[in-house]
Amino acid sequence: MRILELDRLAAEIPAAAMVAIPPDNSATCAAFVRALVRQGARELRLVGVPVSGYATDLLIGAGCVAEVQSSAVTLDEAGLAPCFTRAVKAGQIRMLDATCPAMHAMLEAAGRGIPFIPIRGILGSDVLRHRPDWRVIDNPFQEGDPILLLPALAPDFAVFHAAAADRQGNVWVGRHHELASMAHAAKRTLVTVERIVEGNLIDDERMAPGVIGSVYIEAVAVAERGAWPGGLLDEYPDDAGHFLEYARLARSEEGFRAYLARYVLRVTAAAAE
Amino acid sequence: MRDVLPEERLIGAITRLILDPGKRRARQVAIGAASPIPAAASYLAREITGEVRISVLNQRRGNPFTNGTGELFDLTAEGRIDLFFLGGGEIDGAGNLNLIGVGEWPGSVARFPGSFGSAFMYMMVPRVILYRFEHSRRVLVPRVAYVSAPGTSPAGVFRRGHGEALVTGKAVFSFSPEQARFRLVSVHPGESAESVRRATGFDYDMAQPLAETADPVPEWLRLLRGPVAAAMAPTYPAFVQRIWPAAERTRSA
Amino acid sequence: MRILELDRLAAEIPAAAMVAIPPDNSATCAAFVRALVRQGARELRLVGVPVSGYATDLLIGAGCVAEVQSSAVTLDEAGLAPCFTRAVKAGQIRMLDATCPAMHAMLEAAGRGIPFIPIRGILGSDVLRHRPDWRVIDNPFQEGDPILLLPALAPDFAVFHAAAADRQGNVWVGRHHELASMAHAAKRTLVTVERIVEGNLIDDERMAPGVIGSVYIEAVAVAERGAWPGGLLDEYPDDAGHFLEYARLARSEEGFRAYLARYVLRVTAAAAE
Amino acid sequence: MRDVLPEERLIGAITRLILDPGKRRARQVAIGAASPIPAAASYLAREITGEVRISVLNQRRGNPFTNGTGELFDLTAEGRIDLFFLGGGEIDGAGNLNLIGVGEWPGSVARFPGSFGSAFMYMMVPRVILYRFEHSRRVLVPRVAYVSAPGTSPAGVFRRGHGEALVTGKAVFSFSPEQARFRLVSVHPGESAESVRRATGFDYDMAQPLAETADPVPEWLRLLRGPVAAAMAPTYPAFVQRIWPAAERTRSA
């Protein structure tokens, strides 16, 4: 496990990498994604766990994205994700539509080291019709029972934000167990944290249940308020006003450029987080 | 007590559906993100019966999930969720939902956010109530452009339930999975059979006689403006402030 | 959720129920099992998660068990499980042998509401040859790749011990995530706890990751030191001396009767826990 | 420095196997419950290389698992565990392990505790070292009564590795998966080709010339009696106290 500067952490992601990131309400790696934009990341294949939000829309708008695999791209209360919507209509990105429990299940299969996993429902959905990589079989345990099998999905990277890491590389994500699933599934996991703590998080029985063990963690960077404008557990709430501002600006190309200039590209002490 | 608000009438209509004595009891109800009207109906049902548990996605406090954002789907797959609410960018007369888009796949003319969990939840929850405030020919279409979640399934496909009703800003429909067809049950005050027909893109049956959607009874209004508003305020602050401003809540209490 | 006395909680288990219990090092429900023995539980079908220990051996010795499904029955450092070994040799119980990750996977499948789950390995083992309920298929995603499918296993009951419950029925199990898997898989879950705490465990971000939500919990009873002679997290260590005493006494039928008389059947304030 | 203990020689022999430069590097090593000798060898390898991570099942402190007792198997399934140790009530000349029993299924003559994770781990970990202190015709049999975990698998069966060696209280064997056969590589001091042959129920090849199992080098002994003993004491107190009593550890430090 290595402890890096934020920009060095973002530089770990090569062009065309498949990167799983959480949505806005799940400790999203917003500061990391802004660093990716500054570095001119290219041809990324993003995976929503299980949906996608601000971070994905920002990367799409900045031209960093070739493909999105997700159950939805949304700014929630702030409305449609403007760059995503534009890019899909213009055919500028490949969209692999999925459905939430299928995203979870495909990652779970990778994290359990099994090549596929069954899931109920979904039969008859056009989502299935557009996923030639998904397969319907007859349930081998019960005749006349068609059931969908999903292939394991092991992204090249999982990236998320968390409250704390220790120097051994254990990361405390609290109740965001979906981040553990991402880390288990991905080949490499990069994490931004509010702070590095002394001691070993796994030795504390109160903390251990919310810890992802260092065996899964490749590198960590400190990024204070790194989920902003998303919130983080009881550390800080989300910034609903900023999501509205983003949604308003990103509605036009020029507005999006202004947003980038003001909040992403300006490398000051504050912007570098 | 002040007049019944349109939102309160919608909430009351959904609450009646939740409490339908002819249906499986709704002990465990899940609410998707950003749906204050169905959420309010569920909280009201909880106040009335005392036995409804409510899981609101993304709710910080009071959310029973400790195993990550996938836990709702595991609970649902096991049959532990009784009732869920769904909507859609398009809803057609056979109960199909489109949350994907219109035009060339995956949405060259209009692109909605995506299917979320609908393709799974619609088939795996025993009871689903459809809710969409906008009642227009743009939303209620003869045939959805794409099926995020099918209204019915062929025999042999594992499915626990179907949409049982559709509540909009104008009316309440029931749904027959056998006929894959809606029936107009009641129209809200100010609407008529004709105004609903004009605004609806799909064909449907009509209940005879056609009722007017009933107001919530006074006790329900008291519960809505008191304990329901209080329970919802942390999760839906803007909605609660708009519908039940603090002064009004105090007056009702 | 109901809060009951320990003996009332044990009375929830009918004859012939399939009951999943944890091994000695995983917050085992030892006090609950002693209550089951006192009540003369019969024809139980026990499930080891993923192996079985003292609690299972005690129930077998007391004649409460018809079947054990497990990857192993062992007293660890204290040696072979004496009642289990006798009962298998005498053909007095049905033993369904399994292997640890298969036990976890079958319960995981039930908890995810899927009818089966694939698992690697195991092909060529006689464990598989004796499990007609397990099926080998060709991987539908890759030709010439035989793979084992396991059916979901949903026990009638999961029973375990935990540090604390709140009055809403949320139970804090800490890092023993396998207990959550048991609860998710089982039709009903009964829990003994060291104590009932005020407030809501799920509202505390430090506790929530180790909580099993009340939606899964049927009833709770307070049983102080309820895992003894097993240990519980950092609350108390296991009682290695008692396991040795049990192993020594249980080696003979008479010794086992003496153990029952001294530690299980004697209903004093202390023994009733 | 006091003489090499038999346990220290076994530990040293296993450490040499772990560090074999011809094999995949053992960065992540898992240890089953109650196996102090392989554990000590792993700790020694960690002291020597500085890059071995050790997961001891059921260890309270220093155990990296936070996702329940199943996490080891998920890590293994993903290929994140490089090396594991296995034993068995019976081990046969083709490397098959029996942890089930002898007689009519599931063990009318002798019943062992059960297969634990062996049926999975033996096939899914790239490197497995077999360890069983008892070297007798009762344990090392021509053909196991039941196969908990097979020594080899037909082509086409997904398998990452095989047993690469068997260490007993008398000798060290290597294993050839192609021939499904052991080769005697070294005998411990006090043993001979003949004494090992007499005590072994299965047939095997012999290395020419047959070596004597080497003692740990002095630096390894220093590490064992100092930092390794200290690291192991919380998890294996009885073992550490027996092999490296505190006085001895102080003298070595």
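Note that the chains take the letters A, B, C and D in the order they are written out, and that residue 1 is the start of every chain.
What we mean here is this: a contact is a pair of C-beta atoms (placed from the backbone, for glycine too) under 8 Å apart; a residue touches a chain by one contact, two chains touch by 3 or more.
In this text the structure is predicted, and so the values were computed from the model without any measurement.
Which pair, C-D or A-D, has more C-beta contacts?
Looking at contacts between chains, C-D has the larger number.
What's the distance between the Cα centroids of chain C and chain D, rounded to whole Å?
Going by mean C-alpha positions, chain C sits 29 Å from chain D.
I'd like to verify one number: the distance from the centre of chain B to the centre of chain C, where each centre is the average of its C-alpha atoms, in whole angstrom.
One centre to the other, that is 41 Å.
Where the CA atoms of chain B average out and where those of chain D average out, how many Å apart are those spots?
Centre separation, chain B to chain D: 60 Å.
Going through chain A residue by residue, note those that touch at least 2 other chains and give them in order.
Where chain A meets two or more other chains at a single residue, that happens at 108, 112-114, 119-120, 145, 147, 175, 177, 180, 208-210.
What positions in chain D touch 2 or more of the other chains?
Correct list: 65-67, 71, 76-77, 124.
Which chains are in touch, pair by pair?
In this structure, the chains touch in these pairs: A-B, A-C, A-D, B-C, C-D.
Hey, which residues of chain D end up touching chain A in the complex?
Result: residues 28, 53, 55, 61-67, 71, 74-80, 124 of chain D touch chain A.
Could you pull out which chain A residues touch chain D in their complex?
Per the stated touch rule, the residues are 110-114, 170, 180, 184, 202-203, 208-215.
List the residues on chain D that touch chain C in their complex, please.
Counting only chain D, the residues touching chain C are 33-34, 58, 65-71, 73, 76-77, 99-101, 103, 105-109, 111, 113-124, 146-150, 153-154, 156-159.
Report the residues of chain C in contact with chain A in the complex, numbered from low to high.
Of all residues in chain C, those touching chain A are 105, 108, 112-120, 135, 137, 139-142, 145, 147, 149, 151, 173-175, 177, 205-210, 233-234.
Taking the touch rule as given, give the residues of chain A at its contact with chain B in the complex, in rising order.
Residue list for chain A touching chain B: 25-26, 49-51, 70-74, 76-77, 80-81, 84-85, 88-89, 91, 95, 97-102, 104, 108, 119-128, 130, 144-147, 175-181.
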